[in-house]
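There are two complexes below, and they share chain A, which is joined by chain B in the first and by chain C in the second.
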Partner chain A sequence: MSVLKDTATVNEEDANLLVLIIDTNPIVWRKSNFSLKEALRHILVFINAHLALKHDNDVAIIASHVGVSKFLYPIPMTHENSDKTIFPNMYQKFRVIDEKVIANMSALFEDVDTPNNYPDKASSMMAGALSMALCYINRITKADEIGHVKSRILIISVSPDSPYQYISIMNCIFSAQKLCIPIDVCKVYGSDTPVFLQQASHITGGKYLKLEMPQGLLQFLMIAFLPDRYNKKYLCLPGEERVDFGAACFCHKKIIDVGYVCSVCLSIFCRPLDECSTCRTRLTLTSVRQNGRVI
Partner chain B sequence: MPTVIVAHFKTNIYEYLEALQKSTLDKLYEEPATCLAIFRLLPSLARQLVMSLLFSTQIMSKADLRQWIKNDKESLSKFEEALDKLQKLHIMIEQENKTIALNSSFKQKFQECLTGGGTHQSFGKLYNKPHRHSQSNSHKLPDIKTLDEHAKTKWEEILHFMVGTDRMNSPGASVLKVVTKANLMREKEGKGLEITNKGFQFLLQDVNTQVWAFLIQYLDLASEMLHMNVVEVLNFFFMLGSLELGQDYSVEGLTDTQRQLLDDLTNYGLIYRPKKSSKRYYPTRLATTLTSGNSAIVSNSSSNNPTDDDDSATEQGFIIVETNYKLYAYTSSQLQISVLNLFCNLQFQFSNMVTAELTRESVRKALKHGITASQIISYLTSHAHPQMKKRPALLPSTVVDQIQLWEMELNRLVITNSYLYKEFRTFADYEVVLKHANTLGVVVWSSDSKKMIGITEAGHERVKAFIKRKIVQRRSNGGDTTSSAGGTPAR
Partner chain C sequence: MTKIINSNEELIDIDDEAQNANQQIGYAWEEEYKRSWDVLQEDEDGGLKHTVEHLQSRKRKRLERDTSIIKRGIIRHMFLIIDLSEAMLEKDLRPSRLDLTLSYAEQFILEFFDQNPISQLGVIVSKSGVAEKLMGLTGNPMDNINVLKKKNIDTDGEPSLQNALEMARSSLIHVPAHGSREILIIMGSLTSCDPGDINETIDNLVSENIRVSIVGLAAEVQICKLMCKKTKGTYGVVLNEAHFKDLLFEIIPPPPVSIVKSKSELVVMGFPRGVNESMPSLCACHSKPVSGGYICARCNSKICDLPTDCPICELTLVSSPHLARSYHHLFPVANFEEVPWSSAFTTHCYSCQMPFQTQPQVVKGRSNNVTSIDSSGRYNCPKCKKHFCIECDTFIHEVIHNCPGCLSTSENST
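Then we have the complex of A and B:
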């Protein structure tokens, strides 16, 4: 069965599942001259555009917040809440999703305790959001017996990397690679380069794009991030070719260019150690000490 | 694979739209729901191009657009195809100064569709008044099962009528008109109607294609005989495609034409109304899947819509084909059995399934009715049992190949009316004529040993003239060799 589920080749009639991860770190968004509210307006139109492309296109939206990541859509609902007021001026599916995203987003921001109690306020829970996205995709793919659903992930990122999440993010990236799920990254704000996410898009065959003008978010989304996997075969899309392969060390979570690697489990350290902290292998560093630093 | 079917259903409506005047299309694009539906009919790359241009304020030329496309043959041909379709539907307009722009009304309304602005009510007005009897429970909303049931009975009534299994329930007069207009059935000499070859082909298509084929014929009829406004009718069809199953919508805000449509569509099972005078109407699954193409077959397996779980036998596959040409169909529907009977030998019938066999005779019978091999294959594919869909190739390749071989068998002989030239005096004479005829390219057949040549009807005069010229030449040269041209039409 699993052999037949061909997720790598795409054809025109496939349904597309877009999992959108929105970095909602309020502290970073406030610094930007482009508010999250405005960005959300653009993103909602983009979601509608994605749904408009095909009848069976679907979307999942995850907020990567400070200290927590949450599904904004879809949320398993008890059926009672579905108020059946249909708004005649809008396509029903668009409206349902837009409203749920807005409602769940405001619910997310009402909870101020979780972010306040979380130590690393500069970044967001990208690793958690990525894992949720992959799990969701995995479930949908399993349910779809004929391999009709093709998934991809798009990350709207603002906050810098959190070195604490290095290992988990890398694990997510490799699982995505294994499942043939491209991860696209759209960096809306911030002068830094999110090294991990850039690697994510590079390894999985996605696109990484940093916006010079966040006000043009919608147009960028429409041109660079709307094309599904089928159309990408034919399009030249904007994107950055240069990738920074920097890694974070396992011992102090510092991002380093040159470091020490355990010869057994490939863990990365910024300083030579006598024993690998991951696999407990005893390391002898005599040769290293003689020759200087080794990558 | 659903690909085949979708292509079918799209080409249908597509050809119709392409033939429309620019002014008609412009009027169509004033409804966001219609914009969305037509947008979804476009090829994938064309949709992407529209989206890229939709919120752009830049002025682009065709060369600028081509910058987006990879520079290889396949991509460029896809691009040209996409542009061609967009221009034919007047969604994209190439102006005199070589710039390319979206149709302004399409651009505006489609933006509205995505952003949710405007007051057009093109996605259906809900019936808002509280149900008069809702407390007393005597007037319940029809559930989805009722709607499916209604759709199924009404639509199958039409099909049954065509197959002739059920002569008792003759469908409404408007159905009969459409059926004869579409040449699916024709007047028999004696009385009543008889199914045509086109009708047989129609039966093998999937429901969505059938409905569209039907609606397009209805459109022609509506504009010719009932003097309906094509734009209003089309808008209504496309609006139906965007409605929610199981919801009640209000007839308020519909034009007179559209109210008239409601009655006819109720007859076809696209719409359910509790009473004829009711102020409410409910779209059925036939209507809500109009613009989605393959959803009727595929969305059952995707878990996003819990209402899709109920088994409507027409939508789910039920046929298992084995490599030994045996066919098992899990159905008790008389209609489906008679459709199968078009190209299978039925063997046994049980309460929930029939067994049948694909034989040379049974397939030839179908082919003689004008059904093509690819139609049989696509029918088997689209109605394949979910278990079959788990295999890499859906149908056994032996069976698919054999059906195609049986079709080619019928095309072994090609009949061409021609003239036979024989009794050449010498081989040299024969050779000269043959050589000349060959240069003209009119030889059907020739035999060196019998000294005979078959010449097409078109070439006969010229070859005859050539031979006469030769004879005259010989005579004037004193020779007496003649070659007699026997103008006998062969086969």
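Then we have the complex of A and C:
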């Protein structure tokens, strides 16, 4: 498996676009002893710090909610309703982003029907949020002709993986790898191993960090996720290195070393079957021949 | 040796004219000189925005692809045959046919392995009447690219289509039946220098289920056309540099398989564990000391990189992401439809938040700029009905293979 080690040429002067995906699953946040409101306060400080690092740094924030994923910032203005009062004690861009994010987040939470009608309440729409993030990055990168903008994705994740999203998340991961966009993952809460996102950070050359103490979110964000792609090359950041790509069979979800793969749909089984349970193709076993030579 | 020069010229002429009439573009060697500025026309304000957008949406047309869910041969075995005859030194494609072919071949190999990670590819060249196998079937793109470096390549004489095909056929004959067998030929010459009857070779190819696709650099050749038709491959003659790339890259998505012919099989594959060692040890594939690598699940030999076949016990070794990389061929995204102005009520692209144009007010008596207002710039997914801009549309279909709309709304996710 060739793993990308951020080989794109990154210069010190480059502008950084940070696309932040916040997992806002209210049910899971409720379970943790650290509220989303508190976390949002930390995240806003982190966003401001990112913007303050360089004049042309930019940020996009996407919420991955139950049953829906949505841009929190930037949202194109449909009509001018924001007041133009300027606080002399606060940098205008900080204030605009803070207000927008909070307003859009509360609008997201006011809509309770969508999450209620969605069957899988334990997970969030991570695949949709990642796809939107990649489309946004693609558009910004295309518009920037001199290659000045370098993008990265940071996921603040709480909820476990949804098996339904496996293929779409993997598609996103491979697109990110192709575009040389590292995906960093900050796992704030959740006991089970979120294998998809771990693979995401491993394949794209990002960092995966699970917080032992969610209360220290801001500190972890500042230390591990604030450095841009240029500076990361010189820093030794915390993160888990070992990732096991152990394959699980489709029939018993057992981790296997040697498996039988359907040549039509690539489903993995732990024992030979007569008919593929995924695509209903009649199968014959090919173990007597290897590489064409009859043994 | 007998030379095959085609006599069925009537057939060729008819096809050529039909193609030119359809596409309105001549071959590169028919053009006199290019005046790229003629294409650009300013609008009333002196801007070029509309022209550029019009060009983009025309470019998009050819990207419509087959999205029906069909069985595809995901595990492919392909030989790339490159003509190295003197005809490749022609400079009608810039910088020369040979240079362009080599650089496109490199891009092709990289993209081929990116999209078909568990497939294998080999390279055969043909010059001065003989064929030479530069690289046997391998799963490593770098092996193939290294043999195609400029310094190893020189041209001579005429190519031999039959010798090259026979060499590829004898190598593909051992490929297990679950994998598809394919040959891709890049051919610059109009003639071939063959030792026997090429029709027998073609019949053998057909009976062994080998698909032959040819990209011709000069003009259509009847025997090539016949061969591609019989073996169910594709045949194209390049018009210009960009069209050459398009023709090559059309081969990259896995071809559909007919269920009757190819046998569906269960393939034994190993999923090796990665190891990190403090002391380097020799790997089984290159016999070089490396620290870290993968351990074959069956015979415990160490290999450097996945996917590969274990050099000791010949077990196919992959990691689960390699299998996942091919899934998008099996579940493609539906083609988006263009949204007419009558239902273009959205203000911005769903996925990238780019504002859409609003409908221009049509001024009576001034309808000279029809091309720029006939498309609303919005494309909607037939499933989730969200509107996307053209940039996202192409990106979604070419790179992500996910519809952000369907994935971020609850209706279609179950």
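Here is the rule we use: the second predicted complex is superposed on the first by the 238 of 295 C-alpha atoms of A that agree within 3 Å, B and C clash if a C-alpha of one lies under 4 Å from a C-alpha of the other, contacts with A are read in each partner's own complex, and residues count from 1 in each chain.
Here is the rule we go by: a contact is a pair of C-beta atoms (placed from the backbone, for glycine too) under 8 Å apart; a residue touches a chain by one contact, two chains touch by 3 or more.
Every value quoted in this text rests on a predicted model; they were computed, and no experiment measured them.
> Per the contact definition in the header, classify A:Ser106: touching chain B only (first), chain C only (second), both, or neither.
The answer is neither, since A:Ser106 touches no partner chain.
> Once the shared chain is lined up, is A:Val264 touching chain B (first), chain C (second), both, or neither of them?
After superposing on A, A:Val264 lies in contact with chain C but is clear of chain B.
> Is A:Asp56 in contact with chain B, with chain C, with both, or with neither (first, second, both, neither)?
Once the two structures are laid over each other on A, A:Asp56 reaches chain B alone.
> In the overlaid three-chain picture, which partner chain does A:Asn33 touch, first (chain B) or second (chain C), both, or neither?
neither
> Of the two partners chain B and chain C, which one touches more residues belonging to chain A?
Touched residues of chain A are more numerous for C.
> Does chain B (first) or chain C (second) touch A:Asn171, or do both, or does neither?
Touch partner of A:Asn171: chain C, not chain B.
> Determine where on chain A the residues touched by chain B overlap those touched by chain C, and list them.
In the superposed arrangement, which is not itself an observed complex, chain A uses residues 1, 74 for both chain B and chain C.
> Touching chain C in the complex: which residues of chain A?
1-2, 67-71, 74-76, 78, 114, 117-120, 125, 127-129, 131-132, 134-136, 138-139, 142, 164-168, 170-175, 178-179, 199, 203, 241-248, 256-266, 268-269, 272-273, 276, 279, 281-287, 289-293
> Using the touch rule from the top, collect the residues of chain B that touch chain A in their complex.
Touch residues, chain B against chain A: 1-3, 6, 32-33, 36, 39-40, 43-45, 47-48, 51-52, 54-56, 67-71, 74-75, 78-79, 113-126, 242-244, 247, 291-295, 298-299, 301-304, 386, 389-392.
> Which part of chain A faces chain B closely enough to touch in the complex?
Where chain A meets chain B, its residues are 1, 4, 11-13, 15, 45, 48-49, 52-56, 58, 74, 84-92, 94-95, 98, 140, 143-146, 148-149, 218-219, 222-223, 226-228, 230-231, 233-237.
> Within their complex, state which residues of chain C touch chain A.
So the residues of chain C touching chain A come out as 71, 74-75, 114, 173-179, 259, 263-274, 276, 297-298, 305-306, 309, 314-315, 319-328, 330-331, 347-355, 388-389, 391-392, 395-396, 399-410, 413-414.
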